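Listed below are the structures to be examined.
Next come two complexes, and both contain chain A; in the first it sits with chain B, in the second with chain C.
== the complex of A and B ==
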């Protein structure tokens, strides 16, 4: 709880020198005025989940340290099912935290939520979650293939934080950098969640980011299947699954 | 006793300096700048793109300057210094345990405080490299110092390092007791990051946040460094130096006492290296 709250507050304090109380977010030629505390804290909440998924490959590190990785990969169990099961359990555990924190922010910090379409909100949460879970699965292959998976994913955290528009409205990002932002599912997750939760956007309003999130989910699922198979084959061929 | 402790301090500092520079960890060095670079990038975008170079009048009054980006650069540079120094000291006992040398270390008759002070000295020297690098990077984001009061600057650094040494001692006591390294350090760093006035003057924060910030040495350290580089509120900076000194004495006193009590307890229960 300390991490999303602390980092969210930090981002909120970043706005205080400008006497800002709200953030204007432009999307699809429409302007939305969003509650500043909500903008920063909700962004941080989703980002925490994102990093949790990025680091979910640590499960393989634990298996390796316990000496059970070879046994797990010797079994005929579907690798994707194994990984997806673990990732979904993490996502489910985070769900109660996500809602609990949101309600406490409304109650204690006075975050103003403007929800007009609950279906759009539900779709934003579910698709953001799924896209991040499947991206996390792609990164899990790194943990099987390399001993430096943790370092690679840690290095990625701050750039992703910057490019996803977590700290500022995306329309302020220099145009040359926007193409990088559009490769990150968190960008679209933040956009759709902020718009539906704080800006009262409908399903039609967030149709584009939701479609992108759904497409990314499918793409990352296919990619993770291939990557994990590749990493396992390579590790078995080189006998480096447990050798340090 | 004092010359002996000085020898311990010097030896410990020398060992740590050699260990750092003989096997310099470039990726670790670069990673320490990631967070501050993100903050600087976000601050630059907010200032130039979103708010078109206009800060609130309250910011000017509270900060004593209208140079927002320079204000943020100093905050971040100082945070990098603290991060580099406090992390090393706060994790000494964890690594002693992890490498299997903790029992041998605590069997020696040396002063624990001198040993830890040696680590802090080395970390402080190394952190100056990070601090300088951050100021150089800050130039890219428009950092400009209007003056430089060297005496105030180094007094601020020294007293902040002293107070952080106390925080480090307490962190080690927690680490020894709970076997935790990550959560304690991360919680402390978030506390420093959020409430020390790195990105906005403490006066603009909500009242409850200001109360927390008053207990953190970094709050006063950053104010002193800003005063020394902007030539503002120099008189207030002397008050901050005094507060920092008092905080440092309290933290070091409590830290030394906690560490001694924990050491006694761990020896009695034979829990030094048993997991």
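== the complex of A and C ==
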């Protein structure tokens, strides 16, 4: 709980001398005025979840160390179910946290929420979750292949933090770098959630980011299916499955 | 799928381990290839308890890991119940299980029962059978009283017994036991051996591949054994069959007097005698010193010839003890250790 709340407040106080209580976000040729505290906290909240999914493969590190990875992969259990289970366990743990934080914003920080379309908000939450869960599955597959999975995931954290527009509106990003931002599901999750929760956007307004999130979910699901098979085959060929 | 009646079959199975190291950060990468298995061939019949014996690093665990699909062979093929362990790995996993020695492969923060429930789920054990199967296994392994304690509170022996329960949770047709009694107390190890022989093989008709470097364990349990040495399978057969094939397979221990060098020289000239030597012995009879004579003979039928010779040389024989070769002798013979 300390991470998104603490970091969110840190960003808020960083902005405070330069801005008032709001931030302007441009999307699809429209301008939205969003609550600054809400803007920064949504950034941190979703980023924490994203990091959690990146590191969900940690469960496999523990399994590898205690020798249970061998026992699990010895079984005929569906590999996709295994990695999905690992990612969903983290996601379910995060659910109460997500809603708890949202409640505390309103109650204690006076965040001005402007929700006009609950369906759009629900779709934003669900698709943001799913896209990150499936991306987490891809990273979990790396942990099956190599005990250095940490290295691959931690190296991505800072660039993602920058490119996703976590701490600033995307219109501030140089155009040349925006193409990188659009490769990251967190970017679209942040956009749709900020717009539907703080800017009163409708399902049509956030149609594009939601479609991208849905497409990314399917793409990551297919990629993780291929990756887990590949990682297991490679690990068996290179005998890295049980190294710890 | 192979048309075979064997439960397990290995054909020209080889496995190399490749390690690449740099002497320093920007140094040249040095690749080392270690051949853990070198074109081994063997087969195991249905319902047979086959022992794979060999010193540390001989390739026993590598063989087991290949057969239960945790490792791919570098070359060659292996089949379990006719299924190729590489191409039909998913099918093989449904019909095998593995128990390894040591304290791994269990979730320490779960209870013994929860561990088994989790693995039952992974093996798709029918829901209606899970409870009764777990209870039966816990009862068989004497863990009922501690089933609801966390595994981290278990003793080493209890963890090992729980591992056996885990290994049997899917009622496997072929069970791989990799050093299952490693580090266990004598009594627990003995109980476990009895359980393997009586309950798993004789009662349930399972096929078992056991790896061990405890020769008495293999002697007590195995229908057939294979000796692995430096990745090569140097001998396969029934223990008695292999013992018969062993040159100088029998030893005579004779306590006798007047065992002079001349007597020994003559003894070594006899056709069935492979080796003859005397060792110190503290004892005498009617004032004459007794020596211990060890004679390696190629057949127990050579005993009268040796005794007649000693009698002709006026040696006084006090006692004679003949023993056949043990599995340990075979182990030393085949592995040179």
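Assume the second predicted complex is superposed on the first by the 242 of 244 C-alpha atoms of A that agree within 3 Å, B and C clash if a C-alpha of one lies under 4 Å from a C-alpha of the other, contacts with A are read in each partner's own complex, and residues count from 1 in each chain.
Assume contacts are C-beta pairs under 8 Å (C-beta built on N, C-alpha and C of every residue); 3 or more make two chains touch, one makes a residue touch a chain.
Nothing here was measured: the structure is a model prediction, and the numbers come from that model.
Annotation: superposed three-chain arrangement on chain A; chain B versus chain C shows no clash, the two fitting side by side.
Of the two partner chains placed around the shared chain by superposition, chain C is the only one that A:236 touches, whereas chain B remains out of contact. In the superposition on chain A, A:95 makes contact with neither chain B nor chain C. Touched residues of chain A, counted separately for chain B and chain C, are more numerous for B.
Once the two complexes are laid over each other on the shared chain, residue contacts for A:151 go to chain B alone; chain C is not touched. Rounded to the nearest 10, the angle at the Cα centre of chain A between chain B and chain C in the chain-A superposition is 90°.
Look at A:106: by the touch rule set out above, it reaches neither chain B nor chain C. Residue contacts after overlaying the shared chain place A:161 against chain B, while chain C stays out of touching range. When the two complexes are overlaid on their common chain A, residue A:169 makes contact with chain B while staying clear of chain C. Remark: least CA distance from chain B to chain C after fitting both complexes onto chain A is 10 Å. Residue ranges of chain B in contact with chain A, taken from their complex: 27, 31, 34-35, 37-39, 41-43, 45-46, 49-51, 54-56, 58-59, 63, 68, 71, 186-187, 190-191, 193-194, 198-201, 204-205, 209. Across the complex, chain A meets chain C through its residues 66-68, 70-77, 233, 236-239, 241-242. Contact residues of chain C toward chain A in the complex are 17-18, 65, 68-72, 90, 93-94, 96-98, 100, 102, 104-108, 119, 121-124, 166, 170.
If you check the complex, the residues on chain A that touch chain B are 2-3, 6-7, 9-11, 13-20, 151, 154-155, 157-159, 161-162, 167-169, 172-174.
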